[in-house]
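Chain nomenclature is as follows: A, B, C and D, assigned in order of appearance, with residue numbering initiated at 1 for each chain independently.
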Amino acid sequence: MPDETGLAMTVDELNELIISQFPDYAACRVAEVSATRLLLEADGEKLRTRPGGTISGPEQAGLTDLGAFLLINARIGRTLMALTSSMQVNFLSRPRPGLLRTEVRLAKLGSRLCVVLAELRDEPGGLVATATLTYSVPPPHQR
Amino acid sequence: MPDETGLAMTVDELNELIISQFPDYAACRVAEVSATRLLLEADGEKLRTRPGGTISGPEQAGLTDLGAFLLINARIGRTLMALTSSMQVNFLSRPRPGLLRTEVRLAKLGSRLCVVLAELRDEPGGLVATATLTYSVPPPHQR
Amino acid sequence: MPDETGLAMTVDELNELIISQFPDYAACRVAEVSATRLLLEADGEKLRTRPGGTISGPEQAGLTDLGAFLLINARIGRTLMALTSSMQVNFLSRPRPGLLRTEVRLAKLGSRLCVVLAELRDEPGGLVATATLTYSVPPPHQR
Amino acid sequence: MPDETGLAMTVDELNELIISQFPDYAACRVAEVSATRLLLEADGEKLRTRPGGTISGPEQAGLTDLGAFLLINARIGRTLMALTSSMQVNFLSRPRPGLLRTEVRLAKLGSRLCVVLAELRDEPGGLVATATLTYSVPPPHQR
């Protein structure tokens, strides 16, 4: 049940959700959350790389997907039934080693479909990737 | 250098490329390749899952990305400089456990940009996901 | 109500739908339809061009969107409540003047969401564009 | 040649470009431009509608495409050789009648590839659509 901030989960609860359900993303933690925005931080050294040493594209996509999932959970309450229906990612530059920040924003929270925009930045703040994700969510009376 | 079939690499060479450069994708092997199409098979039991036990979306995206990379290498010769510039994936149904087949087709092989279409199917043949990937490739005189 | 072929509308009924509801697409007509595929033909001379004389990208996108809309109508029965929720188009080459053929295939017909793949070809058969469209459709009991 | 603001074209020059080269978009005019952002305004009453009276999806896509084209021209100088290579649009809500504002932002201006993010809003400010467009541009020495 969302509180007066519009949120149904705290940062700590979101981080517990990562630990208990997403062991492949143990390098990630939620730094901030509001009703329309979530910031996820990841240690780039612990992510999958591709030949040449840069972080793999699907791993970058995975960060935006995890961020979107967590923001939707923060809004509608903890549910594993929020399912990615599409992801679209543009890779803009190779991330510098170190911290990666994934910022996700809610563009639409519909009764069955959500749209989330994501931006991935490395430590100096350079834009590494942008993404748009759509999620299928349980209808309000089943949440 | 491509031979008369239009291919610069054999199935065996592509599989050696997976083993030497993509250890995260050890569950995958190339089953077939032609000048415009490649079939990649993966043991779904060895892929990353998400809560609920199904194969994670980014992992499915990764299969289509690997297939696209290999098909482009098969055409232009072994290069790690073929880089994903975008990926767009639609998730249609949850894959059944077991073998996953990723079929990639070359829609465009330009002098600097390639476009690859992908379809992911589970063992009974059901369509699990479709994807479109774009790759930035070295210009012909640098290959 | 779909008949034994799985179709709820004939080619003639689909063409009447274009004429009555889509006057901007008067240059288009349905040439073939089956339960999973529709072929739309357009006179390229009557479409919007962009500077340089080629057919504009949004106009190409519009052909794939119209084809997807018609195929979904052919399956679930005439409804204006099938709404595009996303379109993703890759432009591969400039079409030659003359006939343009848009082939759309149904990748998923869900209870609320449809996914359609499209390929656009010019007269010699060259691939001009590919697209993926998602549609929100009325649930079965409201069709 | 860009001036000290990083711009190679003024708002007036961009609006002349619309009038001379894009007669289908006569309902549009550039309201603001900076080195990384452009605001395009359109009279929704003069755009293509679809059955039901809302502005058609491809027409919305066209606004984001035009905005992206103009912003790239504003940066690299007037050229018709900036070509859309992909467009990805999510339709979020039906626009209210009246003014439509398309805001485009430059995510990447590479030597050959540009990535532009777009948001389309109606008069009350509601988010109507988001888009990501990629453009192929002439290399710097040919501009």
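Here is the rule we go by: a residue touches a chain if its C-beta (ideal position, glycine included) is under 8 Å from a C-beta of that chain, and two chains touch if they have at least 3 such contacts.
All values derive from a computational prediction rather than experimental measurement.
Engineer: Per the definition at the top, count C-beta pairs in contact and tell me whether B-D or B-C has more.
Structural biologist: When B-C is set beside B-D, the one with more contacts is B-C.
Engineer: Averaging only over C-alpha atoms, locate the centres of chain B and chain C and give their separation in whole Å.
Structural biologist: 28
Engineer: Between chain B and chain D, what's the gap in Å when you average each chain's C-alpha atoms?
Structural biologist: The separation of the two C-alpha centroids amounts to 34 Å.
Engineer: Two-or-more-chain contact residues of chain A, please, as numbers and ranges.
Structural biologist: 85-86, 88, 90, 134
Engineer: If each chain is a dot and touching chains are joined, what shape do you get: line, ring, star, complete or other?
Structural biologist: Shape of the chain contacts: complete, all pairs touching.
Engineer: State the interface residues of chain A toward chain B in the complex, per the touch definition above.
Structural biologist: Touch list, chain A to chain B: 21-22, 24, 48, 50-52, 56-59, 61-62, 65, 80, 83-91.
Engineer: What residues on chain D touch chain A, complex-wise?
Structural biologist: Listed in rising order, the residues are 88, 90, 92-93, 107-108, 115, 117, 127, 130, 132, 134.
Engineer: Give every residue of chain B touching chain D within the complex, in rising order.
Structural biologist: Listed in rising order, the residues of chain B that touch chain D are 85-86, 88, 112-113, 134, 136.
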